[in-house]
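Take a look at the following structure, please.
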Amino acid sequence: MKYGILILEGPYQHEASDSAYQFARAALDKGHEIARVFFYQDGVLNSTKLMEPQSDDRHIQKQWSALATENEIDFVVCVAAAKRRGINEEVVAEGFKIGGLGMLTDLAIEADRLITFRA
Amino acid sequence: MKYGILILEGPYQHEASDSAYQFARAALDKGHEIARVFFYQDGVLNSTKLMEPQSDDRHIQKQWSALATENEIDFVVCVAAAKRRGINEEVVAEGFKIGGLGMLTDLAIEADRLITFRA
Amino acid sequence: MNEAAQKLMIVFRTAPYGTIYSYEGLENVVMMAAYEQDLTVLFIDDGVLSLKKGMDSSAFGIKDFSPTFKALEPVYDVEKIFIDKASLESRGLSLDELIIQPELIDSDQVEKLMEEQRNFMMF
Amino acid sequence: MNEAAQKLMIVFRTAPYGTIYSYEGLENVVMMAAYEQDLTVLFIDDGVLSLKKGMDSSAFGIKDFSPTFKALEPVYDVEKIFIDKASLESRGLSLDELIIQPELIDSDQVEKLMEEQRNFMMF
Amino acid sequence: MLHLINKSPFESMSFEDCLKYASSGSPILFYEDGVYGAMAGSSLEGRIKEIMGDHDVYVLKEDLALRGLERIVDGVKEVDYAGLVGLTEEHKTASW
Amino acid sequence: MLHLINKSPFESMSFEDCLKYASSGSPILFYEDGVYGAMAGSSLEGRIKEIMGDHDVYVLKEDLALRGLERIVDGVKEVDYAGLVGLTEEHKTASW
């Protein structure tokens, strides 16, 4: 099946982003395609390469970047939500790209399943 | 009276930061002192100068920076919470400084009232 | 609506202003409307509060986005707009206190509307 | 405790892991303990769930912070630790299912503890 | 103790949680999405009237205006931010 | 429709909200802080047993382990992330 994943909350503050990551891994392991992961609202904060968690904690941005590059998944960070929160081309990490909200509509049209991770 | 303000949520996603700002203004208008505003958890995201909201919306970082500089209020952004979320010395706006969690304990000891704005 | 139009829905279930969910749901409705899909908008639970008349954001600088809700049908051609009757009633509101008058539905219609869609998002 | 010690309290009322509130409350307890103030820690509502035995974070990489709760008394000398009996009971838990055994209090003691403090923070 | 409620009581238990602990005489203030708790005619009106015997109930004007709420439960007192600051002068606060 | 509950039912109405709309036969899955809804012996146990006549109730293993929960209500089914993906293959999902 073709999955779309929508993430509405930022890293560390909520578990939403961890859950989305675990779900994405499990979906890939079962042989599904992930058409796109769309980062929206505070979800855009997952994409900053300035993130420096403590050494004994998970590095959420790096987890995501590895998932994107290893599996060639399209990761889109909503431009309007990103700008409002200080995320721009200079700080976005490898594997993420900034894009318009229309790419979420495209995903809703294209995906067989759209799963939302939220507060 | 000597007030301390603690902010636990980021800008735009929750109203907490707006409420804290309005409260701080009103407290100053009534002649109170604000000993410190402490930005913690997602609250640290209020401090980024990379923030670019839409032109018809409020600019939350600039509101805070103006409040700090006009009134010489101490604004402290928790260093551990900040690093985890991609906030560092390079992106912190005028009026904010990055500091340790001990400065929140100091505030709890010093302030007559400590008011929390949270989700 | 284009020939290959897909059934899509945005569900509002969160109160406006306290969090950005309602605002971002609305941004999506506007975007989807431009794609000329078969679009449905549904208000349930605290989502019904997004339509309350008389919002005044002058004190705050927080954007009052109710004009965009008002424009959904006349400007953006969104015609399928539903509201859960029980959610409205438990909040003591009637349709004439809202800026638009969506079609009232019973709660047992909500899941049916969800099932009918290719995809939906809930804000 | 130093001579000018102030009464301070951290209240836990949120479940762990779903949000960062509980973790950050704990960071504050540890910091305040280092200041040698007159410190109280209180668990109410879903905050009692932070003390459940048997947490295993191996599947996730999310830090299991229960060892720090366990260390509050022996390592950080935090002695005043209370828990709301009704909150514990409504979640079907007993003290022996928790990693530490705070003093049980009735709900009508909660506001009194808050009032006694110079300041408190609730997470 | 001044109890601050900022979440919709239709969606969050924080209002009811707070009432378990609040002693008689402690004021309660609704702000942000909490102000929906003060709407007249809602399913919560009876509950609000019930607690007004024990608690002064306040609601923040600015958040009412933002949300277009005009009809509030009889006896609930409207305050602006200056009024809220005034209440915090008199009381310590708990943010639920 | 698969209904996903990620907030503690002791603190949030999202579980009860979902039940107003979920038709008989629609499965409900607790994850994140939602898993507290599945604890055996809690004040919610009766409610969970009540709805199990109409709904299959699932709970996410990884979130149970993270929180140290072992005793869950009889009849609630544990699934891991692979199992959750399996459920989403069969059903569209609503995230409450």
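By letter and in written order, the chains are A, B, C, D, E and F; residue numbering begins at 1 in each of them.
Here is the rule we use: a residue touches a chain if its C-beta (ideal position, glycine included) is under 8 Å from a C-beta of that chain, and two chains touch if they have at least 3 such contacts.
The structure presented is a predicted model; accordingly, all values stated were derived computationally and were not measured.
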Check: Measuring between mean CA coordinates, which chain is farthest from subunit E?
Finding: A
Margin query: Between B-E and A-D, which chain pair shares more contacting C-beta pairs?
Written below: B-E
Note to self: Between subunit C and subunit E, what distance separates the C-alpha centroids? Give it in angstrom.
What the structure shows: 27
Check: Whole-Å distance, subunit A centre to subunit E centre, using C-alpha means?
Finding: 37
Item checked: Intercentroid distance (Cα basis), subunit C paired with subunit A, Å -> 25
Margin query: Where in subunit A do residues touch at least two different other chains?
Written below: 12-13, 15, 22, 41, 57, 80, 113, 116, 118-119
Next item on the list: Could you list the positions in subunit E whose residues touch two or more of the other chains?
Entry: 6-7, 10-11, 13, 17, 32-33, 62, 92, 95
Check: In subunit D, which residues are in touch with two or more of the other chains?
Finding: 17-20, 45, 60, 62, 119-120, 122
Next item on the list: Go through the chains and record each pair that touches.
Entry: A-B, A-C, A-D, A-F, B-C, B-D, B-E, C-E, C-F, D-E, D-F, E-F
Next item on the list: Under the touch definition given earlier, write down the residues of subunit F that touch subunit E in their complex.
Entry: 10-14, 17
Note to self: Going by the contact rule set out above, which residues of subunit F touch subunit C in the complex?
What the structure shows: 1, 13, 17, 20-23, 26, 92, 94-96
Notebook entry, point to check: Mind pulling up the subunit A residues that touch subunit C in the complex?
Noted result: 4, 6, 8, 40-41, 80-81, 101-102, 104-105, 108-109, 111, 113-114, 116, 118-119
Check: Contact residues on subunit F for subunit D in the complex?
Finding: 6-8, 10-11, 32-33, 36, 39-43, 45, 62-63, 65-70
Notebook entry, point to check: Which residues of subunit C touch subunit E in their complex?
Noted result: 14-19, 45-46, 49, 52-60, 62, 64, 66, 89-93
